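For reference, the structure is listed below as structure tokens.
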């Protein structure tokens, strides 16, 4: 049976997924080795049950992130923090040092100060999820088995980890393969 | 820019300014007593704080100039020790001892009561400049815990109520 | 000045004494309850009642029973001293009248109380007896005779030998053999050497050194002078916390008086030995109790420690060999010289000789300072001398060693108080703080209290102490706020080990002790606060695909 | 000077008396990680990364300040030491705001390099996210306190190589910080000679040349060693 693999995009720039797509021709080989059951690049709405491996891009920034992450943890055997935002909080977490008001300030900056048309923070339910007081890396919210740092992780590094996992090994990165940033 | 040749240097300005203030004279006499030794810096800072109430930048620069020390060294020392303050203090000070003996006997509750009533945290001064709230690590008065120092006088075996009452009469 | 001149001075001083002496404790504890007003009132009352011929009021240092203060001791009335407790300024007329037999309702203490009876006073022999601001009083109890003896009859090496024989160990906490330290400094080459007295008593809940400095400053000065002679130093520094203004002013007075009589300064007792002592005032930094940090502070710098070796004995103040001992260590010296090292070695246990002063505080009936022989069971101290927990409470643990020590549970109260036994329990002797906690005390909160202390007192130089104590405090906060999980507790334990073994100085190395010892003896209190971890680690999983992939 | 023989990681080596364990290890190609150590200035033993095990001693010793002695038996890379080093780095990353992706020194940072060399793939401790300022008032240089690890290299080069004493540490504990003069904006400092040695010395992106963008800031630490050798040993060529 092929591994049921998911990738998910939380609070991040999607650069890690771009890097994933950068694996080029290996993607074709990969398609024969795994079942991609959930991902921003495929059209599945609900995170499925019984997933073997999930790569998580992005930090935990809002209540939606937290909710889906917990669901993912319950339905997945192995979680991999995918990229610096997931591993360290990285750029999304740069609002944290600005204290308890950082949420309001971020929204103000994004939707009012930088708005060309119709400035105003969206208020209706379900449009902008409530931001968490602090952005946290994935492993502060749920337990994570493996870490794949980099901003973004180069395609070769992602491939290395995937191949090891598919081969049933605990992925092991060493030296510059672990470089943050 | 390289050291400014035209503008007056900070140290010169401070020395000129200090010549009109008697307290600087007293401080200088004190430094002389220590032969302007650099290792007397902490003693000098004690005296300066006693004379001026707190250590402002010009005062630190004056000391640096007289003891022939780089300003960064004087600032580094002044901010290392909790006893020195670089901000002006309120009319009255209230130092709550948070040593272990006082703590197990309820100093935290005394602290909470003052913070709640005067809406200031440790290290802060009320907006009307009446009261500065400080904490001490241990004033060595453990036998009479919990102890609070009001304007330099230690009061023994206090309760939150008694402390607030003392402050009431003080302010 | 020669010894005979001193003796004449003493004889005159004793001759001027009056029959009845009202000893008024004017140490910081009793002063906070208006002991100065009480003394003034007593003096006025003695005059008013016309008793000036027979009665004198004497300012004395700490009598020890601080929790019952202000205290007035009465000598010369009967064979036994009488002790008035909880004295108020308005009690003065009644107290003076009682000297002639009038009834008096001021509470009278029992001098046979185990709090006093179980004590053995060497360091505090003169506390509460001599006037700390009059050198004549100190001379009258044999003061400076030990210094005279070493200067006139002993070689420096003989002094070191005597201290070695006594088995005295450093009273600042670590318990390093004092004789060995003196010997090392004495042997170190150097034209200039220093003697430093560490009076930076920073442990919260400890006030032994304050009391000694306030009550009997000369015993410390004399101890330092003897040490200086033994190691070949001519300059001393006495480092005192700024939080102890009374101790500082009494030391200044004492030094001035000793200099005036030629007991400090040049050519002491008309010998070639010179010794000067300067006071250095701390400014609120616990880390300055660490000897290398203290030296940096004496040099007027930021009080940050440095790696040892080199040890101060070889390279200390300004690179010169430097002897650093604690106040209580120096206060033991005159007795050892006067009565011999062998006598001292006969007190205490095999490895811990002599007596130790403790500040007995916290949830206990009798608060105050006690001096007991080493090896006394902890139970005797807290139950017999201390009278146990106040009504309704039960003793849960005894904290020794302050932020560097640990909490000893009630089940171990039969432990003898000596360096090794306390260390075995995960605590330390420390400088002598002994804070009793009853069953209302939450041990996790206590651990957090100490960790916050260490975090705020960390100098910030080394990473494990600066960032490690901050993380440990954060974890303790999470746990006490019921946000912590078993994983957080594991991280806390991991940091206990790491901070202990990698920190630069004693502050960091011992900072985990209060956490480690409460985890050892009161683990269930931590566990009761932990939260479930539903998104925590999974049972181990394997992912095995059908075909191996080739790269 | 007498030669001493000792064992480092099971290998017998000899070296001149007075040398430190770190010097001898490096001369013999034994890598010991360091952060506060900098060739050319005295050591402070603050980062604790170079701690080694010395047989017969229960205490770990910093290789940078520990002098060798005859018959010493040293372990530089035990499991225990690796664990402590990793923890030390975790504490550093959690302490301030090190965001490698947007750092001027990304790719040229000693902290970053050490982290991956020691296998640090994530930080298990909660990030503190303190609020620190960036001082860009100086004409040529900037100081980002978010990236400072308080190694005090800048302080030491400013005092002992340049002699200006502009930089020092103020405050203490977690709030300790590097200052210029009386904690003024760097640009207002009267003592700064603009020599740039502090920037050369910095192991991270805390001190940087203005105008350097992410990944562009390379520190030239060899220059400092060169200056010291030229000044003290009259040696201009390696």
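Just so it is clear, A, B, C and D label the chains in written order, and each chain counts residues from 1 on its own.
By definition in this document, a residue touches a chain if its C-beta (ideal position, glycine included) is under 8 Å from a C-beta of that chain, and two chains touch if they have at least 3 such contacts.
All figures in this text were calculated on a predicted structure; none of them were measured in a lab.
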Q | Greatest separation from subunit C - chain, by CA centre | A | A
Q) Where is the C-beta contact count highest, in terms of which two chains? A) B-C
Q | Mean-CA-position distance for subunit D and subunit B (Å) | A | 34
Q) When the C-alpha atoms of subunit A and subunit B are each averaged to a single point, how far apart are the two points in Å? A) 50
(Q) How many angstrom lie between the centres of subunit A and subunit C, each centre taken as the mean Cα position? (A) 56
Q | Sites on subunit D at which at least two other chains make contact | A | 124, 126, 169, 171-172
Q: Scan subunit C for residues touching two or more other chains and write them down.
A: 285, 302, 457, 459
Q: Would you mind giving me the full set of chain pairs in touch?
A: A-C, A-D, B-C, B-D, C-D
Q. Which residues of subunit A touch subunit D in the complex?
A. 81, 84, 87-91, 93-94, 96-99, 134, 136-137, 139-140, 144, 147, 149, 151, 173-181
Q) For subunit B, which residues count as touching subunit D in their complex? A) 1-4, 9-11, 57, 60-61, 70-76, 79-80
Q | List of subunit A residues in touch with subunit C within their complex | A | 1-3, 29, 33, 52-53, 70, 73-74, 77-78, 141-143, 145, 159, 163, 165-168
(Q) Please output the residues of subunit C touching subunit D within their complex, sorted ascending. (A) 285, 302, 306-307, 309, 455-464, 466-468, 470-471, 474, 491, 494-495, 498, 501-504
Q: Sort out for me which residues of subunit D touch subunit B in the complex.
A: 139, 164-172, 179-183, 190-191, 193-194
